[in-house]
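First, the structure itself, so that you have it in front of you.
Letters A, B, C, D, E and F mark the chains as written, and numbering starts fresh at 1 in each.
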Amino acid sequence: MSSLPSKTPQQTEVIMTELVLPNDTNMLNNLLGGRLMHWIDIAAALAARRHAGRICVTASVDEISFDKPLHLGDVIKLYACVNRAFRTSMEVGVKTTRVEDDGEVVANTAYLTFVALDDDRKPMPVAALIPQTEDEKRRFDEAGMRREARLRHRENIHTLREQLHSSHGE
Amino acid sequence: MSSLPSKTPQQTEVIMTELVLPNDTNMLNNLLGGRLMHWIDIAAALAARRHAGRICVTASVDEISFDKPLHLGDVIKLYACVNRAFRTSMEVGVKTTRVEDDGEVVANTAYLTFVALDDDRKPMPVAALIPQTEDEKRRFDEAGMRREARLRHRENIHTLREQLHSSHGE
Amino acid sequence: MSSLPSKTPQQTEVIMTELVLPNDTNMLNNLLGGRLMHWIDIAAALAARRHAGRICVTASVDEISFDKPLHLGDVIKLYACVNRAFRTSMEVGVKTTRVEDDGEVVANTAYLTFVALDDDRKPMPVAALIPQTEDEKRRFDEAGMRREARLRHRENIHTLREQLHSSHGE
Amino acid sequence: MSSLPSKTPQQTEVIMTELVLPNDTNMLNNLLGGRLMHWIDIAAALAARRHAGRICVTASVDEISFDKPLHLGDVIKLYACVNRAFRTSMEVGVKTTRVEDDGEVVANTAYLTFVALDDDRKPMPVAALIPQTEDEKRRFDEAGMRREARLRHRENIHTLREQLHSSHGE
Amino acid sequence: MSSLPSKTPQQTEVIMTELVLPNDTNMLNNLLGGRLMHWIDIAAALAARRHAGRICVTASVDEISFDKPLHLGDVIKLYACVNRAFRTSMEVGVKTTRVEDDGEVVANTAYLTFVALDDDRKPMPVAALIPQTEDEKRRFDEAGMRREARLRHRENIHTLREQLHSSHGE
Amino acid sequence: MSSLPSKTPQQTEVIMTELVLPNDTNMLNNLLGGRLMHWIDIAAALAARRHAGRICVTASVDEISFDKPLHLGDVIKLYACVNRAFRTSMEVGVKTTRVEDDGEVVANTAYLTFVALDDDRKPMPVAALIPQTEDEKRRFDEAGMRREARLRHRENIHTLREQLHSSHGE
């Protein structure tokens, strides 16, 4: 872990508001998945940059689930926040809501991993992230679980492929 | 499973070629993550549509890993293919390559889940997908593993949140 | 004034975060004025909509002053808020800042007038806006001054044109 | 005033024609205010550049009033022209019309201030603008009135803020 | 030929001015061919619409020759004009120039064929176009030559294909 | 002809798949001609680049005929292929189809000429293209006919203009 001064999740928060215009929709008048992903990616990159103090690039999209469709004319808000910092990478969570007259409805949750780049565009260590609230601690723990699940899954896939190769004499 | 005639993965294949233009890049002259996600989403949606014979919507992005950066001026190809059909959903795999003078280099692999919609925009059953080649069978098996890992992970998260709630007396 | 329940300026606030990408710049690598105006217009329209609970359309842009140039790669934030409600129109103020590592710098201030539309797309009365804080009261007063200055200026222009017409015997 | 050869307003005129496409509209099928502002800004910047012979940047938008809504499929024309040159700045007027089968209807009038930049991107003196026709002279005079009204208004705002500060002991 | 009142080429003229922004360029900082074609197509469609008084659709692009490259930051003008009306179709010529400080340089000439649509979106007869000036008459004649050359060429291609088919016993 | 190793047409083939989104349509919900031209231009430029191994620029659009309208929601495929290589230029053919459930329908055929650029952005010789199949040979021959027809037509136009000039004493 870097010797940089640690931060809290709240210090990394980024809020975006977007209006779904015709340019953003498909032929069902729904928000294009790829357009939402673009907004999620930008919001998450900015949250990572607030943590790292450097330009950050997307290493992976770990999970985006589209729970509620978003439509032409909807006002949507994106809340991005670093959930956990590892050595050179950070998990960022992005919650997307649809703004109604009487509040907001969660439409989508996304988790992405970002890496901070040094001047030679190589990954560089980032500061520690110290969760403060109960909710921040839960998200910190879940980020760890997601990471473990990913590593375990990759190992399983690797084993499967090895077996296939050996059974085929490759 | 629906009584529709089954298909093979190859029958669902979609090929896209894109040139990375200034409009697609960030201030490092790298392809914007969100732009690539948009292309991946379109290619995957079209592959799902070829399988289902219906308009399909993105249910989730399960994994996108950015292994090689893509740059201004790069020619990239996307190969999308349905890996496995479940009852109303399909896993689509998208491989992105950078075209070099002497061949193609894999830059990115993505897995997304799509759902076919009936005329009332409700999820509807899709035809079976029957893998033919060794490679198609491997992708079919891995799609099952990804699905299981996702379900297991969701359960773990659910258990963690339950524990948090009970320990707080909520 | 309408009999709708009044609101406070804070209840109308809209926050947008944007990253200046190549697509948004001119050949000096500065943010295009027109692109910034588009973001200002959207943020202001959403603030007006929060106040009126209806879709609102831009009646006029009353003042936008570009004090600091914004550049490729800058992270900018827009804060929009209704300053004052008249009978069917609202003045919205939008402050644009550039996000630096150690805080935000104001780059731009804009004032726009919006009108709420009823189902026949005719202007309709809006609720009262009751400023609470010192700052909100100042903005409320300044909105009145801007309106008066505008009306007075229009009258002067009108008089000038009348004089021209009469001196030319038209 | 610079020693550059003076120009007439007509020598600075820029004409743009645009077709309102779906990409340019909101969910009411009206032209987006921000899109029109972008076109106005480009037309005005080009008129300023014709006068100054240099790249010019937007210093302020002084007034845009949206008198008639513009719709999907409308053909619109923009006429931009420098109204008056000050020392390093220029007022540009932009008239927007909707083209009908039997003529054009004025939909919008805008006034913007531009500044010419030298090679170090500092404001530089511009040539004199000598109005020729009655109409050009009227626009020249009105530009002066707008400028005065702006300066007077800024002073009033300044006074108000001073009073607020002193009454609060700041 | 329709019984509609005839028009002159000049009555159909459309002038567009565009600034080449980063969004419009390729990785050589040249204007994208496809972007220029888009502008040419819009300008030509509007000229055809001025002649026909109806929405017109592109039937063919007959010739576009790119004589001078256009670059980031260039100001370009497009002049579109109907050259000749046939029964239901019109040839539109579009000249593209680069605006220099001391005049304009022709960068590109394009010829397109448009068809006017009736309310059922079927081709409908258009009014006669009566050239007035020497230049308009030359363009009228050349439009006829282009049409003849196209028809002759299509016949040659047809003959070639027939020969191929018969020599292969098809 | 260059001493570079020759290629076959198939080695230059580029396949693009596009979905017609609202952003790509006009007010009739038809694909914009200019948007299709942009896709055709990109596909053709990439095919030329595959042949030449260099960045290529559009020299001319020789013919695009729009035989079938394309609509919002259509899936379209573009097949680009070099038809014939001349000394420094190449003719590229692009076929556009609409993908139906039971196959593809040809909507459009286009022929463009590209030039390969050396490091000083001057035209440079390209390798020979050796057609293999009957179909490739036919396209090779037709490319020659198109070129001849173009040259003959230019000569005719040139003669016409000379006559006009002399008859006017210019």
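Keep in mind that, in the parts below, contacts are C-beta pairs under 8 Å (C-beta built on N, C-alpha and C of every residue); 3 or more make two chains touch, one makes a residue touch a chain.
All of these numbers come straight from a predicted model, not from anything done at the bench.
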Which pair, E-F or A-D, has more C-beta contacts?
E-F
Equivalent interface to A-F, which of B-F, B-C or D-E, with over half of contact pairs matching by residue number?
B-C
Centre to centre, by mean C-alpha position, how many angstrom separate subunit D and subunit F?
42
Per the C-alpha centroid definition, the whole-Å distance linking subunit B and subunit E comes out as 42
Whole-Å distance, C-alpha centre of subunit B to that of subunit D, is 48
Would you mind listing the residues of subunit D that make contact with two or more other chains?
22-23, 27, 32, 42, 45, 55, 73
Quick check: in the complex, which residue numbers of subunit A touch subunit D?
21-23, 72-73
List of subunit F residues in touch with subunit B within their complex:
14-19, 42-43, 45-46, 49, 53, 55, 73, 75, 101
The subunit F residues in contact with subunit E across the complex are 27-28, 30, 32-35, 37-42, 45, 55, 57-66, 69, 110, 121, 134, 138, 141-142, 145-146, 149, 152-153, 156-157, 160-161, 164, 168
Touching residues on subunit C, where the partner in the complex is subunit E:
22-23, 25-27, 32
